[in-house]
């Protein structure tokens, strides 16, 4: 699996995590190239379906990144997101994809270093888990 | 409005100082249609706030509340932010000033700098490091991650012109030969918001050890130590040896309330709260078992509901509070501990060993305050702060020049913001009548593309060296050109300067482009700029999508150009897929009625009415009683001894004489409906309670409070017992006579107890005021003030000191052993314990004066809340929108509040809040129509199952089920977070820009080729 | 409303195992409101099925559709045009909807994707609780508006039993004792005298025990 | 006399009644029943035979009752509403009566979720109060619950259970009143440790005149150990064990705790004999049947009256 480079989709909220990712860039930090960010107004907008669709389209992992707990710009969107992530994790375990491929993380706007660190760690973890199992199935079916 | 000025032709204001007060004033003024020049001496806007990690009472990180404001202030068309700039001279008069300003060179071209930080890394001095916080003055410095403008600056005094930075700067932004520039600005008024400075503990190094011992920090240094963005990266370590501190002591009044050399005699007002916040935050996030001890003389949590925060810190969270006079801090070599010694409440010496000492240092006037005052031609008051007074709290001695924030004295954030809005309101009154602000007017009509296939233009902005070195532009551009719907690919060479934008607009027209992707910068920083640019070219702002190939690709993947290039292709493809499905967001235009209703005719209400009159429409001032003036009618003089009545009468006269104000006395508000811009308020007026409806656009609530009627201490049973107000009346009559022989005052009667846990805030000042007045009338009078904490903010501390010097005896009592009063025939006796003598004393008073608080006019406020659909907070006072950043706004758009309906307020506070509420309201009434074009959630009624889930999950309670039986979301109120859309089980709600199909398209494009 | 919960994924996978192409049909009524089978849940399950089957190397084509109300034949009729293309219809409606569809499309397997739970109301967002047992003879007027059949674990008519403790039922501290609620409400209403009357044994014929029930409105059923 | 019940006779004669309890075996083991029963013979006036207690399957209570009858003892046949509908209940009652069972106790029954068949349907066709009404109507009016006439009505002495410490407390005496109104001839209470609260309960019952219409037997159980005392105090719903009772047992060394428990019980019985309205005790010595003779002896309740 050493040559496996996981693709991780990050749903990042506009107010904190997306900004933190920008800050990481400005600080010239780095994280794996497989980390691809989609911007949402608030993690409270991240639907379980979005996470499922990302995995269905081949992502190896999905990270939902919101503001620090207690600091959501829209009061509690990040808490809702965390609860939804749990639900999706259960479903992924049930269908054999693995709930651990999805994670909820919290960073503040200024925490560029933390963002880079989390993105790297998560990517590494997914790397150890191996590719999204649907890829194997898709090959077999084809 | 301070002077009759016929020359009200200017539409511009000069704001000095880019801290929160300056930003707030600028932003309010800009929103009200004014042109603002915002001067800041430092390289970036922000002031103190960005250096604070957390703000009480919510202990939130509020930087995201500030940064959009700073961003807007920096980016708004009518605010010109001028960093590194100072005022050189101010000629002329209110309404017609000529200001000369001098801009120092930044040595970095702001239009080019992309804040990549390469120069910072390359500067060979070694002293250059970007550590936000403790080290704020490194030669090239971005003061905080979200700084505005987003550009570095070079401090020439530390630069040896080696040129290393020039070599690494990809956008070629560095220009070491920049010269200073002088400009002349025509403005109608000036707002001084140049802030203050943290007191430097160096003169008291002998006692506090700051500078000698690395583990003695100022509160701001400690704040940075805790910050995730600070020098330790959020690790909780003390500076000397990295030890994890378990015992921290906060020393209050460091350099404040002292007559010692190098200190300040006044109270800095806000340090108590800062220390408590730091203690709580440290305990909650770093060390559960932290021994946090605050060493204090009086705890002064003075703001609204701060007392509750104090009680929580003390009783629930286990912060130790030790009442004492701190003495010295020493270092013990053998253990590495700091030893602090102090004199406690009983006069005995105490010692304690600590790992870390935090100095609750105060604030003082800016070091260049005198210089600036001279330039502005204004007088300074005591301690070099700007001179202002009780009934003109944001005015300076020069008409047309106003002040706010720490320039006036130490302020907390809500205080600064309130003054800023008030100063903005005053400054606006010196200008020409605001011209209607209709931002869409000067723009071409939006083109209608319905039914047309997408014609997407992709613009690569600034393939600067930083990006180009990593990403192969040719590959990306070629791949982009092949994407479905892309008709045009162009490189905009010139950053986002005006030329680049013009080229963009031109290309849109030439190639009949109906959708735009801009690849380069982050949408966070540049989205607004490009949205405006395509709007100028006739496209709806929603037809834009950005591909962040700078911050989120090239800059983070600089070590892997191949992958970074692939990723750039992916990000552009994703943006194209998203924009392909973009639908226009119609801007919603609502007519706006510029008239206002102000409820309550006290000082706050009158101030608000005057602030608005003549700047918008008509003001209806509704007062339930027969007279204007409210609680202030009962006041005889101010703390500094000036009579209140003449100034109050002048204020009332001004209101009565103003042709734009209609006064409705004997009038009650009975109903209220509609929304901002088109409210209808029903009132019953006059002796006959005639019902009438008022149409108006904004509302200001200033209904005041009432005085607590004491049941304690024989009040009402003995004529010797009276309230401070009654004593004031007696003093004003000059007929106090024998009653003034021996006066005992008891503080905190009816406050800070179980029934009313809040602090009365202003009763201490009333007591000192009356005590001084008694001494004035009868110098040999014996006056005792029995208190729990004397809360004398800022220079009122000087009055407190004066009272002590004049022989007024202040004796502290603890709430578990309050003074006792007994009566035997005509003889009354007050018994209380003296802590220093440690024995009970007995006094036979000739007058017993009770300091009672203003309390919420419970039923009235409750009714008010019901009518205006607002909430009451602790103690029954009206709840503001945000205690920190929106202190005079309410959660209902278009409804503002001021004065003691919010919390017990002094005259100056009531006046300031009234003006501030008017200032906030002006941001709305100056607009002929309300234009809303931010994406807001939309409901498809056919799909809606009326399940109520959106109603229940909206953080702001905006959706409701309408008469047709489906959910409706008021676009004027929705903030666009998308929670309802995410929760809607019928997929009936969509958030423009993030529709389900659009998110799916983006996901597919982002993952194309993966499977 | 009628409440339901999605079946365990394992059971769902087993039930669709024989099929290669299915139509997943939601319902925009009760199951939408209780987050079990509306458009969004249909999309979620569809995604899960596609992924799960792809992982097994046996891709499943899942098309999605949501009817206004599956328990009315007219709405069920909307499937007629497309239904032939599928190996099976998988319904996310309650048992009523599943049966209505099954009745209409006799030749096609119609598989339930949710377990129909109870008739209840939402206590707050995301929490639904049983309120009515559909017994056919309402006694709420006697019991302070709280149903002893639906809300007492032993459907006792003259409660509470000895297991009531601190307002909670003996089966779990999370379950309110219905009779505590009834008594509190009767006191509030000043109707405690209702409690002293012994309630007679229930005639269960009006409930399911009398056989399947129908309601016929002669004036309408023409 | 309403029945041929020995318990009815003992109570009618004004004696302080003593009833015991026996749990049927989880198997078809006749000898086990007989062994347990031997300890109780001559020591109590009637023996309660539990009906699938705590919702765990055991031998039918009517069958065990019959065994006791044959051994010359008086069974108190318990029947819960959980497992039978009204048809089954009435037919069982007829059979029991025909075979010489004269005393029965009507109960709701513990919820199946506690037992070994949590999957079981939870019948509760009628509740315990309706059950009392049903049996007394069968006996006194000779009619089934459905209204039809009974050829030879069952002559049952009908009891009911009461928990003086359940919630809400204010309903406890009221509900006792409902049971009495439904026709309960006697009441056996839940275990009592809080004598003060029970005295209050009895005072209210006496004031309402309930003790004139029914006989109340106070439930008592010896505490075998401090562990049991704590368990009863904390874990058993509707049980009130005061702290000082737990402490009194716990203060003894382990080997003396059982003895202290019996001593406490004897003191309780002494008090109960003096308490107005209390007509006897119901001694629940669960899995301690062999100590019953000693307890009854030490409490001064021997010999049992022959009536």
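Of note:
Per-chain numbering from 1; labels A, B, C and D assigned in written order.
Basically, contacts are C-beta pairs under 8 Å (C-beta built on N, C-alpha and C of every residue); 3 or more make two chains touch, one makes a residue touch a chain.
Here the structure is a predicted model, which is why all the values come from computation and not from measurement.
Considering the contact criterion stated above, the chains in touch with chain A and with chain C alike are B. Each chain gets a centre from its C-alpha atoms; the one nearest the centre of all protein C-alpha atoms is B. Between the CA-based centres of chain C and chain D the separation comes to 41 Å, rounded to the whole angstrom.
Computed centre separation for the pair chain B/chain D is 72 angstrom, with centres defined by C-alpha atoms. Note: centroid distance chain A to chain B, computed from Cα atoms, is 34 Å.
Between the Cα centres of chain A and chain D there is a gap of 63 Å. Annotation for chain B: residues touching 2 or more other chains are 953. Residue positions of chain C with contacts to 2 or more other chains are 40, 43. Residue positions of chain A with contacts to 2 or more other chains are 47, 49, 53, 134, 138.
Pairs of chains meeting the touch criterion: A-B, A-C, B-C, C-D. Residues 28-29, 32-33, 35, 38-41, 43, 66, 122, 124-125 of chain C are the ones that touch chain B when the two sit in their complex. Residues 943, 945, 947-949, 952-953, 984-988 of chain B are the ones that touch chain C when the two sit in their complex. The touching residues of chain B, when paired with chain A in their complex, are 58-61, 63-64, 67, 115-118, 121, 130, 132, 144-146, 228-229, 233, 522-525, 548, 550-552, 554-560, 563-564, 566-567, 570-571, 574, 935, 953, 955, 975-979, 981-983, 991, 993-994, 996, 999-1000, 1002-1004, 1006-1007, 1010-1011.
Of all residues in chain A, those touching chain B in their complex are 7, 9, 14-16, 18-19, 21-31, 33, 36-42, 44-47, 49-50, 53-54, 57-59, 67-68, 70-71, 73-77, 80, 84, 108-114, 116, 134-135, 138. Across the interface of their complex, chain A is touched by residues 8-10, 13, 40, 43-44, 47-48, 50-59 of chain C.
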